[in-house]
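Below is one structure, written out as structure tokens; the observations come after it.
Chain nomenclature is as follows: A, B, C and D, assigned in order of appearance, with residue numbering initiated at 1 for each chain independently.
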């Protein structure tokens, strides 16, 4: 079998190499998966450059948290899966249910935990989840990090979104377009921001109903609040980080929540005092748990949502997929394995 | 102006009479409404027959809790409304927000509180709410009792429904069809029961995706659970009462809730022990508050839901509307005023 | 080592025998516990008489779900425990967190799953939890079933009890006295019912502040509501079942919840219509999960609560402990192992 | 009667004058209160100096939001109160129940809304609440702003505190000591920070069980987390503002919440990225609603909590009370009227 590894000490894509190795043997409690597709997240770029949690990789590591495939064998004691099941790995291998906690365990595809960019992967049963019946492997591979993050942001906060609420998503990247899909299926009014009218138009086709071009309106917060048709967005999916937070605090409604996902920008006015008058919150989001992954799959099957896949690359062009993503994709970038 | 009254001591529709009277004068804090449409609920039948809470009417009373119209004048101190606003009355005149409480106040159209079946009605500001922009008066008139009840049942329990959940509605009456509309807009999978395949077909057009004919399957609970595509319905909208509760306890999912609305049937096995194994609940529902009415209107405007109106009667045929409803309408029966 | 078994087909205590056997070998993922104390629940009586779920035992089974002891060895891969840890088994061996679900797994001490009445017991790591530092083994052994049930009833419903709320507990048995302890520590006003003024007096010493003697007042519901000093109890810990439910529906407050735990009585008026006017709920409770067990231990350590232990029996008098419990203990009956 | 007014344009205490005037006439819907005690909050200092919301006062204004007294008359239509009732005014005159919203109305004692520092005050019925039976007027006067704020912070967030949780309060001012009292009564472990070991000792007498002297440990966040005896505080009562937020983010637990109350400091590192790894939140708090005031009173009556009153000043020494508070009180500063 073939797999990619990022070499220890990696600071650029030159460290990404494809190697030949034996198939993993399935141990007790494990599930062996023939991976069919993987997807990229921005954290995967940070792993490449040595800027992810923990710094540069200290050993050769298979990259990517997100992959979907077919179970080909199960170890002793496995009860949840059988050969033939369509599954994905979980971002956190040991966070089954309940709130965030320090025992969530390793995150796939980063220091100390091999990821999914391989033809075969063996994972503990608890770190695997069935994918939605209605999705292809390419589509399902977009969800373990970005989809679960979007679900957590919208559905697991102080006030899970309900039909008629307003959601504001920042930009048209992977998490934002998945959040748009979920929020639209949930009967919410979705306001999208972008620097491109053409991307806003594509978001409209996915169900967005409010639009702000932040190139035209750099102080876009009040405009997003106006586009909410109420006092502001009940949830703001904040993928930008410090640089956009001040505008998000303008965009959020009374009693609303800013789901803080992104660290794309590090500088900006982060004074949280605007939250006080409105009784609003900022909640930190770090992907999510197995129950969220299951609930997302159920929501997809009931509603026929399709993740926005920007482009699919063949296995041998994995490096090109990384480069393509850095140029700003609409939705997700996928690698077929 | 004209209005209907049910005579004190009413036990049948023969006590329903139309009379001519002066328009009400708007007092401080009040809103004067030109009513354009009313709708009927089963409780209105019980008021006619003297079987509603408190027994037979002790004084002549304008019937019907549900009516929508246009504000034509406001009294001193009114700040929330102005002439021209499109509004409806609230079922409970004094339940603004928060949980059920003993101070909810009088219910329109029953003992001690005149209702909406009149050309002009004056209500306290707090007992009035704006209707959805996207609805006609006939459509909006279906919501104050049945729509708010459905919203409360689905959205205000232990686990408000979320995208991908399953809702089971019993029959195709007013509350059930409104619950279907809300649940479908919220991205839920909706299972409908009926004694008529033709009505199931009509429910399918409104978004239902699971179907049980309880004439064919009197023990319909397990079949409804099977139609949920998961362990059972996350919310069962129980409009039947004691006679259907045992089946509802079969239909409900682990951790699910039976929203107990109906008292149509009084006999049946109500032993709640089946709730224990599943950790499920029965929650009593008695319409809802002003915030629920507002949230429902917002959900309608965002999603373009249309209440199912079975038939509209002219003002002078109000008694015929009552009779029509007792024969089993699909959705709501409306009187144009 | 010694252990008790209930013989297959047991319908009485005559089937309870003590036998000599080898210590269990700890397998990968397992924890070996030297049990120091066990406690009895009413369900254990039902197991003896063949009336528990699944009927009479189909094979010889070690009884009792509740036991606490010291870890003496751990198998490969165990990370949560080490030798010397003070632990208890969990009632449900596979319900870690989150809501009730069908995968909770076997319940200790019933058909198909050996229990804790043995000197040594090996359990999977996931089915074990640390006990409160401030409790003895005898005290900690009272919690896995009755304590977690009480916690679930009070803290995991629609409105977890908060400081200043009112809780009503029925009688002075194990679950009720543990619920009293938790509710009192949580700053709630606790109303206790009993047929004995002497037991009410003992409950007062444990923190109860409202009292109803149901022998004097068989229709005790309204009296319990009056003793709440508000509209009724926010949570009623309903250990009686069908025979007491009608009174519990009188005792419960607007928006309150009846935590349905008991099946001691099977006959009675269970019509749930009184829930409707008050917007109240009945929620089925079936013990609880590992997170609840942990939260309970934390609450005990912070507040110095002590479970009410009625009497401690030596290991060789286990049968006598069963008999003693059936005569109506105040709090819990314990067996030292 | 006598009352104090702050003159329009006030920037210092020299603008605080006492004047003689007629008693207010009670209007329909109003309650006339003979005020017996008032208390001070830091926002009242900001009103004096012209630094509160809206800047300097544009007209003469009776100061102070917090006052308690006896109802001496009620206007037409008032149903909730009668002469002789012991009551307090609400900070927000029009926020009855439910989440924060833009219609909360005027805040007593600031621009456009006369406050409580007067012998007689007339308020709308909806802006008044009964005080706890077990408190004196002096004690009850400490609650409308600081007590309701503390209640909101602890009990109305994403995870209302429960028995066994950990709460961290910053310093020993009014809100912090009221939060300590509530949290202790609720069975929480309370960690207090102070620059003074003597104040920490006084907090211990009020129920605190963890202590951090931030003069000794300027980077006190990790020490507060250690003093939690778990991963951190489940709620941090953040009265400091921007200057302390970075430490609060160290002190807060996984899934915990920082209740953001204070704006005492404006400079500091407010980057919220530390929230992400822990899934924690910052929630803005702006006092609270009438239901919170009622719940607080109930909690006080059930548990016998006593607000920490630092010093009581006579009516004629109101200016001295202001000055005393700025020097750093332990708990609340009260003016007897």
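In the analysis below, contacts are C-beta pairs under 8 Å (C-beta built on N, C-alpha and C of every residue); 3 or more make two chains touch, one makes a residue touch a chain.
Heads up on the chains, UniProt names are A, B, C, D = NAD(P)-dependent alcohol dehydrogenase.
As the structure is a prediction and not an experimental result, all values here were calculated from the model.
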Every chain in contact with both chain C and chain D is listed here as A, B
Can you give the rotation angle that fits chain B onto its twin chain C by Cα atoms, in degrees and rounded to the nearest 5? 180
State, to the nearest whole Å, the distance from the C-alpha centre of chain A to the C-alpha centre of chain B. 40
Touching residues on chain C, where the partner in the complex is chain A: 28-29, 96-98, 291
Taking the touch rule as given, give the residues of chain D at its contact with chain C in the complex, in rising order. 155, 160, 162-165, 182, 185-189, 209, 229-230, 295-296, 298-303
Listed in rising order, chain D residues that touch chain A in their complex are 99-102, 157-159, 231, 241-242, 245, 254-255, 257, 260-261, 263, 266, 270-286
